[in-house]
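One chain, subunit A, appears in both complexes that follow, with subunit B as partner in the first and subunit C in the second.
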Partner chain A sequence: MIAGLAVDVLLAAGSLGLALGVIRARRVFTAIALFIAHGLLLALAWVRLDALDVALTEAAIGAGLSGVLLLAARHRLARGGSERTTEAPGRVATIFIGLGCACITVALGYAVLALPKPAPGLAAEVAANLAATELGNPVTGVLMVFRGLDTLLEAAVLVLAVIGVWSLAPDATWRGTPGAPWPAVTDGPRALLARLLPPIGIVVAVHILWVGADAPGGKFQAAAILAAMGLLVWFAGLVRVPPTASWPLRATIAAGPALFMAIGLAGLAVEGAFLAYPEGLVKPTILIVEFVLAASVAAALALLVMGAPSRDAPP
Partner chain B sequence: MPPLAATGSGLLPMLAVVLPVLAMVVALPLGARGAERMTIALLLPGFLLALGTAIAVQSSGAPAIHLLGHWSPPLGLAFRADGLAAAMLLAAAIVIAAVALFARGGFGVRSGAPETRTAFAFWPLLLALWGGINLAVVANDLFTLYVALELLTFAAMPLVCLEGKRETIEAALRYLMFALLGSVLYLLGVALIYGSAGTLDITLLSGRLGLEAPVIVAAALMTAGLLAKTALLPLHLWLPSAHAGAPAAASAVLSALVVKGSFVILVRLWFGVLAATPSLPAMQILAGLGAAAILLGSAAALAQPRLKLLVAYSTVAQIGYLFLMFPLVAGMPDSETAAKAWTGGSVQAISHAFAKAAMFLAVGLMAARVGHDRIADLAGTARHMPVPLLTFGLAGLTLMGVPPSGGFAAKWLLLSAAIEAGQWWWALVVLGGGLLTGGYVYRVLSVSLTSSGALAPPAPQPPGTPDAIALGLAVLSVALGFVPLASFGLVQVGRMGLAP
Partner chain C sequence: MSLLADAFTILAILAGIGFFAAGTAGLLRFPDTASRLHALTKADHLGLGLVVIGLLPQAGSLANTLRLLAVWALVLVASAAAGPMLATLTRRAEPET
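Let's look at the complex of A and B:
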C-alpha cells in the first residue's frame, strides 16, 4: 500500500519534472531525450493503472517511434545547415501560451476530479459479450469487433499519411528512396545493435501479435516494434529501402487496410452488416487481419519516420 | 432516447463512406493513372448512393441507420444518416464529381506517361477527403467523428501545398498546427464525455448530460477545437493563405466541403449530445463570432488586391452565416422559427458549397489564362473569358443572397427566423453582409467588364469542358433558389433535440 503510494508519487513528480525539462531545455537533443524519458515514465504510470495495452502502446509509439522521429528530424535539420530556424516566440506570446496551457490544465484537473465515481463505462458490457468474439483480450475485442470500424479507418489514415508525406518531396526525386540515406557503419554501437537487436525484436513482436488475441498486445504494438527494428537496420546503413515507385512496397502498405475492408464487405454480403464476421470463424478471421495489418502498419510507420524522398538521395 | 435500430436503407450511407476510403487505399499500389480512372468510375455510384439515401430518408421520414457488425450502441457503432446528412452526402457527391472531372485537365495521366508527383497525390487525397466528409456527416459516435476529422485533415493538408512552393508549404504547416490543436482539444472533450456518461453514441447521449463541470469543460474544449477546424473568426488565421495557395481544384473542395465537416460535427454536439443542456448564452457567443466573421471577412475580401485571396476571405465571411442558426434554433427548439433557422443554416452550407467551388474553379481558369490574379489588371477578361466571368458572377449572386438563388433562400430563412425570434440584430448582420459581398463581387466584375487598357490581351480562347463544369456548379447554386422551400423539409428529418 505504502510502497504503491510511494511509486505513484515518484511517477507523478518524475513525469512533471521531465515535462518541465522538455520545455526548459535549451538544446533540441536534450529536449528530445527528456521527451523519450517522459514517455517511458508515462508507460509505467499506465502499468500502475492496470492498463497494460495502453502502456505497451505508449512505450512503443509515444516514447519509441515518436522519439526516433524527432531525432531523425533533428539530424535532417542539422545537416540542412542553412535551413531557416524559427525564432523563439516573444515574451508576450510566451505569456499567452503559458496562460492558455494553464487554463486548460486547471479546467481539465477540475473536470476530472468532478467526474462521477465509480466511472460509468462499458467494461461490464464488453465482458458480457466477449464470448461472441471468441477472443480472450477485451481490448482486442473492442478494437477488432465492437469498434472494428475505427481501427479499420485509423489503418487507412496511416496509408493516407504515407501518401501525404511522399507528396512533400521535390518533383525531381519523389520516386526515389524514402528519407535521406545513412552511411553504412561497420563497427561501433550502432552497427552492433543493428545486428544484435532485430532477431530478438522480431521474435518479441510476433509474440506480442500472437498473444494479442487473449492477453495484452496486438498489431499496433507489434507493428511499432517491427518498425523500430527496421529503422535500426536502416540507421546503420545496412539496408536499402525500395524506392517509393516500387509496386511491392506500395502493395505492402495497402494490403492490411484493403484486406480488412474486403472482409468487412464480405460480412455485408454474407451476414448483412459491414464488418460482421462469420460465426464460428471470428477468431481465425481476426488473426489473419491482424497479421497482415501488422505488416502494413509496420511498413507505414517506418516509412513515416524515414520521411519524403529527399534532394540528397542518391540518384 | 431509445437505442437505434438498423434500417434496410442504412447500407447506402455506409457504402458511401467505405467505397471512397477503400479506393484511396487501393489507389496507392495502382498508381496515379489507375487512381484517376477509379475515381472517375466511382463518381456515379457515389452520387447514386447519396441520392438513394436522400430518397429513402425523405420517403420514410426517418433516418437511415446501419449498425456495424450488427452490434448496437453503446457497445457497437452506428451510422445514422438523417436529413441533414443526406443533403450533405448529395452536395459532397456533386462537388467531388465536378472537381474530379475539372481536375482531369491538370492532374490527368495519359496512358504511358510517367507518374507525376501531383497526380500521384491528388487522386487518393480527393478520395480520402470524400470518404472523410461522408463519415463526418453520418457517423453517430464521437470517436468515429474524430477519425473523420483525421481523414479530412490529412487529406486537406497535403492538398494545400501540392504545388510545392515555399509559401504554400508554410501555409500548409500553419493549417496543420491549427488543425492538430483542434484535434487534441476535441479528443480531450470526448474523453471527458465518456467519463461522464459511459458512452459516445450521440443518440444515447442526447438528453443524458446535465450542466456538470466535466460536461461544460468538454463542451468548451470540443467547440474550440471544431471552430479552429471550421475557421470561424478569430480562429480563421490559417484559412486565407491555405485556400488561396492550393491548386484551383483543391481550393474548391477545401472551401466547399472540408470546413463543413467540422461544422456538421459542431451541430451534432450542440443539438444532439448537449440537447438537454441549457446553452443559449453559448449560442449567442457563437453567433456573435459568426457576425464578426461576416462583417470583418467581407471587409477584408473587399480590400484584397488578389483574386484568389478575395475568394478565400469570402469563405471566412460565408462561414459566419452558418453560425447565425445556433441561437435561433436553441431559443425555442420546437418552434416553427427554429425549423426555419435550421433549414436556413443547412441551405447556406449547401449553396455555399456549390457557389464557392464554382468560384474557385472559375478564378483558377482566369488566373491560369491571364497568368496572374491581380484584380487591378483584369481589364478585358469579360471579352476573352466570358464563361468563367459569368460563373464568378452567378456564384456571387448566391453569396450575396440575391433572389432567386440558393443563397437568397438561406439568408431569407435566417433573416426571417431572426425577426420572428425577436433577435433582430442578426437580421441587420445578414443585410450588411449581403451589401459587403455585393461590393467585392462588383469590384471584380467592374474591372473585368472594362475594355483592356494598354496591355495586349491574350488571344480569345474557346470555352472548354472545365469552363462548363464550373458554370454548371454556379448554375446549381442559383437553381437551389428555385426549389420550392417545402422540399427543403428533407433536412428536418431526424433533427435531434426536439421534444418527443
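Let's look at the complex of A and C:
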C-alpha cells in the first residue's frame, strides 16, 4: 500500500519534472530526449492504472515512434538552417502563457476531482456485451466492434498522412525513393542491431498482434514494432525502399483501411449495418482485419519517418 | 523453500539496486563521456541482470522465466550497441581531450 503510493508519487513527480524539462530545454535535441523519457514514464503510469493496452501504445508510439519522428524533423530543420535556440518570449507574453496554462491546469484538475464516484462510463455495458464480440480483451472489443468506425478513421488518417508527407517532395524527386538513402554498413553496432533484432522483433510483433484478441496488445502496438524493425534495417542501408510510384508499396499502405471498409460495406449488405460482422464469424473477421491493418499501419509509420523523396544526404 | 526463494530475491535485487545507484553516481560524477557511458552500461548489464536473476524464483511459469531472460538479453544487446555508437559520436564531436 505504502510502497504503491511511493511509486505513484515518484512517477507523478518524475513526469512533472520531465515535462518541465521539455519546456525549459534550450536545445531542441535535449527537449526531444526528455520528451521520449517523459513518454516512457507515462507508460509506467498507465501500467500503475492497470491500462496495459494504453501503456503499450504510449511506449511504442507515444515515446518510441513519435521520438524518432521528432528527431528526424529536427535533423531536417537543422539542414534547412532554420533551427536556432529558442528565444525566450517577452515578459508580457510569458505572463499570459503562464496564466493560460494555469487556467487549463486548474480546469482539468477540477474536472478530474469533480468526477462522481464511480466515474460514469460504458465499461459495464462493454463487459456485459463482450461475449457477442467473441473476444476476451475488452479494449480490442471496443476498438474493433463497439467503436470500429473510430478505428477505421484512425487507420485512414495514416494513409492521408503518408500522402501529405509525400506531397512535400520537390518536383525533381517526385515519385522517387522515400527519404535519403543510408549508406550500407557491414560491421559495427548498427549492422549488428539490424541483423540481430528484426527476427526477434517480428516474432514479438506477431505475438502482440495475436494475443490482442484476449490480452493487452493489438495492431497499433505490433505495427509500431514492425515499423521500428524496418527502420532499423533501413538505417543500416541493408534494404532499398521501393519508390513512391511503386504500386505494391501503395497497395500495402492502402490495403488495411480498404479491407476494413469493404468488410464494413459487406456488413451493410448482409447484416444491415455498416461494420456489422457476420454472426459466428466475428472473431476470424476481426483477426483478418487486424493482421492486414497491422501491415498497412507498419508500412505507413515507417514511411512517415523516412519522409518525402529527397536527394539530401542522411545524417 | 519459499522463504529461501524470497530471501534470494531480496538479496539479488538489493545487489542490483546497488549497481544502479553506483551507475547513477558515475553518470553524475565521472569527468568525461566515455567513463560516464561505462558507468551507465555497467548499471544496465549487471544491475538489471541481478534484478532479473532475483525475480526468476518469483516468475511462476517457464514462459514468464523466458520472458524475463529475454528482457535482459534485449537490454544487453541494446546497450552494448548504443554504447559504442554514442562513444563514436562524442569522439567525432570532441576530438581527443
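Here is the rule we go by: the second predicted complex is superposed on the first by the 293 of 315 C-alpha atoms of A that agree within 3 Å, B and C clash if a C-alpha of one lies under 4 Å from a C-alpha of the other, contacts with A are read in each partner's own complex, and residues count from 1 in each chain.
To be clear about the criterion, contacts are C-beta pairs under 8 Å (C-beta built on N, C-alpha and C of every residue); 3 or more make two chains touch, one makes a residue touch a chain.
Fair warning: this is a prediction, and the values are worked out from it, not measured in the lab.
In the superposed model, A:265 makes contact with subunit B only, not with subunit C. The partner of subunit A that touches more of its residues, comparing subunit B with subunit C, is B.
Shared-chain residue A:193: touches subunit C; no touch with subunit B. Using the contact criterion defined above for the overlaid structures, shared-chain residue A:120 touches subunit B, although it does not reach subunit C.
Contacts of A:97 after superposition on the shared chain: neither subunit B nor subunit C is touched. Look at A:111: by the touch rule set out above, it reaches subunit B but stays clear of subunit C. In the superposition on chain A, A:168 contacts subunit B only, with no contact to subunit C. Looking at subunit A, you'll find no residue that touches subunit B in one structure and subunit C in the other.
Of all residues in subunit A, those touching subunit B in their complex are 104, 107-108, 110-112, 114-116, 119-122, 125-126, 129, 145-150, 153-154, 156-157, 159-164, 166-171, 174-175, 245, 247, 250-251, 253-254, 257-258, 261, 264-265, 267-268, 271-277. Of all residues in subunit C, only 74, 77-78, 80-85 touch subunit A in the complex they form. By the touch criterion given at the top, residues 188-190, 192-193, 196-197, 200 of subunit A touch subunit C in their complex. Residues of subunit B touching subunit A in their complex: 6, 11, 14, 18, 21-22, 24-26, 28-29, 31, 66-71, 74-77, 115-118, 120-121, 124-125, 128, 135, 143-144, 147, 150-151, 154-155, 157-158, 161-162, 164, 169, 188, 192, 194-199, 212-214, 216-218, 220-221.
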